[in-house]
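All remarks here apply to the structure that follows.
Read from first to last, the chains carry the letters A, B, C, D and E; within each, the first residue is number 1.
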Amino acid sequence: MTQKYLIPLTAVFLLFLVAYAGAGAGLGWFFGIVFPYLAVIAFLVGFVIKVMGWARSAVPFRIPTTCGQQKSLPWIKQNRIDNPDTASGVFIRMLLEIFLFRSLFRNTKAAFNRTASNRITYSWEIFLWVAALAFHYAFLVVLLRHFRFFTSPVSSWVQFLEALDGIVQLGLPGLFLSGVVLPAAVLFLLARRLFDQKVRYISQASDYFPLFLILGIALTGIFMRYFTKVDITAIKEMTMGLVTLSPTIPDGVANLFYAHLFLVSILFAYFPASKLMHLGGVFLSPTRNMANNTRAKRHVNPWNYDVPIHTYEQYEDHFRDKMIEAGLPVEKKE
Amino acid sequence: MTLKQSLTQNHDQLLKKWFQATIDTYPPQSARILGKDVDRFDNPVGAVTRETLEDVLHLLASDYTSDTLEKALDPVIRIRAVQAFSAAEAVSFIFFLKKIGETVMDSAHTREFDRMVDQVVLAGFNRLMKCREDIFLLKATESKRRIHAAFERAGLVKELKEEDLLGSKKS
Amino acid sequence: MADELTPDELLDKIDYGTDSGNWLDTTKSVQIRPGMYCYAAKPESVETLGLPNARSWNPTEEDWKLPDNWQQIIHDGIKERLEKFRTFKIFMDVCVRCGACADKCHFFLGTGDPKNMPVLRAELLRSVYRNDFTTAGKILQKIPGGQRLGGNRPLTLDVLKEMWYYFFQCTECRRCSVFCPYGIDTAEITIMGRELLNLLGLNIDWIATPVSNCYTTGNHLGIQPHAFKDMLEFFVEDIEDITGVDCTPQFQKKGADILFVTPSGDVFADPGTYTCQGYLILFQYLKEKYGLDVTWSTYASEGGNFGFFTSHETMKRLNAKMYYEAKRLGVKWILGGECGHMWRVINQYMDTMNGPADFLEVPVNPITGTKFENAKSTKMVHIAEFTADLIKHGKLELDKSRNANRIVTFHDSCNPARGMGILDEPRYVIQNVCDHFYEMPPNTIREQTFCCGSGAGLNAGENIELRMAGALPRATAVKYVHEKFGVNSLCTICAIDRAALPTMCEYWVPEVDVIGLHELVGNALILPGEKERTEDLRMEPLPGCEEEE
Amino acid sequence: MEKSRRRFLKVAGIAAIGLGAAPAINFAASDSHGPAAAAKVKNDTALHAERWGMVIDIKKIDDNLARKISLACHLHHNVPDFTHEVDTRLYPKTRPVNHKQEIKWIWKEKFHYAFPDKEDEFLNEKFHHLPFMVLCNHCKNAPCVQACPTQATFSREDGIVMMDYHRCIGCRFCMAACPYGSRSFNFRDPRPFIDETDPDFPTRSKGVVEKCNFCAERLAKGEQPHCVEASEGAIVVGDLEDPESDVRKLLKEHYTIRRKQSLGTEPSVYYIV
Amino acid sequence: MTKNMIMGGLAVFVLAVLSPFWFNMVTTTQAAPEPELLGPAKEAKKCVLDTYEMRANHMSLLDEWRDAVVRDADRIYVAANGHAFNMSLSTGENSCLGCHEDKAKFCDACHTYTSVDPYCWECHTNPKEIE
């Protein structure tokens, strides 16, 4: 049981050491140039193959999970979002699902007891939703902020995002909120897997690995920014070299940065082969992205085929005498 | 201090430990959910167990008969009777009370308390048997209601055999 | 559930340890417990439809008499379904095991068996999928311990047995799907799992036999045409006793306006029979007042579809009869009775499988003129929609006081709630035929409704412990309104509910009756020319007509 | 310094802990590079005091001198004047001026405003026309210091109530706490309203409170505050704890009053009347 | 969801992932700056810390300084290399800008390049800008 998380933890730690020591031993070109390129290729190719694979599978039936009143009689109020019958309703449902994790939010309602009928308790589950939301948004902000290393001059939207993320203006270099929220959320999700018996029971090594990996990425990044400090002008020279396809290894790039970049590359390469593909899957789930309108509009199954049925004729042949005797109408009197 | 006073005094502690011990008869992955103190509709097993144990403790601290004990125990036994427990497992949670009593209450009361728990256990066994009988009765009446009753009313029943009513065990 | 323990061990269990192993381990053969499983399908039933591997076998025996190449069959079956169903493929890939679904399953809540968490039910198949169909799985296979690391496992007999055990402990109610951030529908996975098991002939008898009956005789119970007619005529007699009006229905009438199809449970099983009488009264009323021409059919005499619990193909084969008969009789459209999974099939599958129904007309209520826009392609209307429309337009004369002794709550059945969304129509009808209506707590109704614990073919007798445990969450809510508002009638629009919930109530809340929506309508509806009623459809005295003591 | 930082951290919360520790880690690391550790020291010429205080001889000040004193202070501290016409070439986006906004460090006040508790129906008529120069009193028990949630306002060891503009979050609790109205708030970016920027002193930014700093930057270089220099001897600063100091001598020789003494804030600015 | 929609979405996603690459192809890219040492700095040759440390750590040093100056009234920094500096960003000869005269070439070049926008200059003035 413990190996489920100890092995991934050790793996992330070893990966870090490999890159840190490797860069120190003069393999910067590998960890800084070769592997990142390979990782991006693996990520894109893997992602595309996976999604194309999903797309190739048919959607034979229209089976949305309906979570509200259907469209029926004109005077009955339809729940257009939870039981959409139009594309626009589906669009809003998906929007809420993707940006606000609406289904997960359903978990979080207040509850009431026999004894303390007026006491409102929030279950542990609201924190799952909060942490999931915090984690994904913080990750997105962190990711987008890194565009300052890929554009020169830096786009204004990146600067705006940085200003927003650094709005507390605390310390020098200024604190980014996402840098606090991301590790905190990851730690919560990790703690949940470790200490909540039921989640611990269902968790696999492949659930722990991405968490440790992301935590490793976040911590190396945070260390570079706030603690050990690195020369970011040199680092940007290097990243710009990568994205302009003229890679260079400038002087003064810290080994810690190679470790950071290597862990990121691992994440990218690992992504398509893992559960992280829920990034793509959330858009494609037929129980959410279809309208509940099959009774009004025929849905076609591309592989629909004819099946043998027990026809009325066979039925009548079988029961004709009894039917006639009972006075039931028949096609053939014989 | 009499045993009953001691029971009232230690009520909260007894209940807490007894509830936890009872819930721990489930696999730990489930026990966490069943043991949580939230919505009784989202977690009926946990809620009913807690409420029943509380009622039983209250009863022990006041006047009780084997009848009232049985009645008080009913909700939790009724649940355990349909879960995949053996008869021993289903009532085992009552025995836990002895051990908990030792740790919580004055040792002067131990023997008296043990005897009290024995009575609860007997009531529990009685109730378990009743619940199991209920279940067998339900099986029979259900299949009857399902087809038999309607057929019978319509005078259509001719050859329904016992085995047909109870399913297809022989297959 | 935990392994069997001796009493001594149990008593020492107060300080229960924390770690209890990896669920992937099936070294100890899965424990198939009496009371929690259904008997195996009889070979005759499996043979009727020509399904593979019909044989006599017993789940509790070591040898399941599987074909030699069973692993290959399952492997190919999974492969085929991955291509045919995007749902299946995506649901295999994207689960992050967040655990949001875990405590949403009534079977998990009721039995406390951790493998009843929806996520683990799906993982039964997913672990095999990961092992056999993903690159990562194939790589990990080569590393010692790699399978464990990836949560993969090869398809062994124990895994198969576990799949069988737990896929027949799922009622496909979709409650977990409501809470899943990716909309993963464990019902869909159960459907696939059962299809796969059916490839090996591993069905249960409570599904296989109704399917076989339905195929040949027209309904699940295997009621032959004359007996079907007799039953309805018997109801007609009863109604005549109660109301003094003859409600004789028509059978197989060519050129009728509407073909009516309802689950055969309504015709043969109490208390569904009273609902059936309600239909008869309603149709008689409409015929007398407005000349509505409704016909029944003994050929398409089953609305329910246990094929849905077997495989998509079987579902289609059984479902085809409705359109086939409607076409033969030349009716305008089809009206469907109160049923759960029947409506999920009609709403989500029927038109796609057996349509287009271009030989029918877009359903219009001839009495009110309402066009059922939402059913314009399938051409099939739910009777709750139909009755609600009639009531809204004031076309029914109703005497609510006849239901005054009924304090009603409404149980949303899983399939209409989460596979269709018919929530407010039945409530509207109830409120127009009864005085006292109370809702159960909000987290147990509408899309969050709890299953009766007996759906998807699990309404057998031998698994009654499982059913009662699964019904516990529903029962707790019923008990709550019973104690708080004195509720004595649990109304539902599902035939399986009407069959399963009385048993549930008897065990958990003995004072509550189960009642169909149209039984209430039948009681309240004032038939033209009726005598003064003193009894309700159950032949119990109406409120105010109780005998003086 | 470590002490005050630690106290600040308690306030600033968990997020800041990492940041606050950051420089400490750095310098532990960078120190090891050189043979000798870096040191931070004071200027040799810096003026010291146990507790700085000020005595203002009102009799020596007329309106003209008062204006001069204010101007000297405000000019050198880049105090904005919102009546100043903005150079639209340099600051094209600046909105029109709101003359109600005002920022001041030292200014002339009427007696009954400066000393409301000492007002008297039959008070000598002359008091009503005297220009009382008021400024931050650098109280011994400064209520503004207690009010500040980030410790941007703090009491220095030498008694000066200082502001660390870097830390000011603009909550204005200090303004509410100060009984003397000695503090002003920058409702807008002050830069466009500074006629001539003195490069030796920073400006402030929008959303920051400011006030007299006792010319701490001049004391550090061994110079007298601007107001003292401009006052032609009417204002004297010195060590209140040193019996031999100029201020103590003046206090001994003259009857002096302090503003709102009953509040117990113990102002360090004395007035000879 | 139709295949076309999925392919469309996938194409958008791939383009987004590759945006750092194509964006730099379609726009002109600014090269990495080389900070120039001018005026007194060119002659002094010795700064507070060595070059790499300064490039990586100057912000922390400034953070230390501002606390020392404002809170402790210490204004002189005697560096590990023995030189004494005025702990000031912009005032006096021995301050940062006193030595590195050209803010645009010394500070801003790298800050702009790496999108670092310190709020120092909201209050502290560049003596050169004041006519």
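Heads up, the rule we're going with is that a residue touches a chain if its C-beta (ideal position, glycine included) is under 8 Å from a C-beta of that chain, and two chains touch if they have at least 3 such contacts.
Bear in mind that the values here come from a model prediction, so they are computed numbers and not experimental data.
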With subunit C ignored, the remaining chains form one piece
Looking at the contacts, which chains touch subunit C and subunit E alike?
A
Cα-centroid distance, subunit B relative to subunit E, in whole angstrom
72
So what's the Cα centroid distance for subunit C and subunit D, whole Å?
80
Which integer distance in Å separates the CA centroid of subunit A from that of subunit E?
36
Centre-to-centre distance between subunit C and subunit A (centres being mean Cα positions), rounded to whole Å
33
Going by residue number, subunit A touches two or more other chains at 54-55, 59, 111, 171, 196-198, 201-202, 229, 280, 284, 286
Residue numbers of subunit C (touch at least two other chains):
18, 20, 102-103, 114, 117, 230, 443
Expected list for subunit E, residues touching two or more other chains, is 57, 60, 63, 119
In the complex of these two chains, what residues of subunit A are touching subunit B?
111-114, 121, 123-124, 196-198, 200-202
Mind pulling up the subunit A residues that touch subunit E in the complex?
40, 43-44, 47-48, 51-52, 54-55, 59, 147-154, 158-159, 162-163, 169, 171-174, 229-234, 236-237, 240, 243-245, 250, 252, 254, 280, 283-284, 286, 289-290
Listed in rising order, subunit B residues that touch subunit C in their complex are 21, 24-31, 33-34, 39-45, 47-48, 78-79, 81-86, 88-89, 92, 95-96, 99-100, 134-135, 138-139, 141-143, 145-147, 149-151, 153-154, 156, 165-169, 171
Touching residues (chain side subunit E, partner subunit D) in the complex:
48-50, 53, 57, 60-61, 63-68, 70-82, 87, 90-92, 119, 122-125, 127, 130
Residues on subunit D engaged by subunit E in the complex (per definition of touch):
1, 4-5, 22-23, 26-27, 30-31, 33-43, 46, 154, 156, 158, 162, 164-166, 189, 197, 199-205, 216, 220
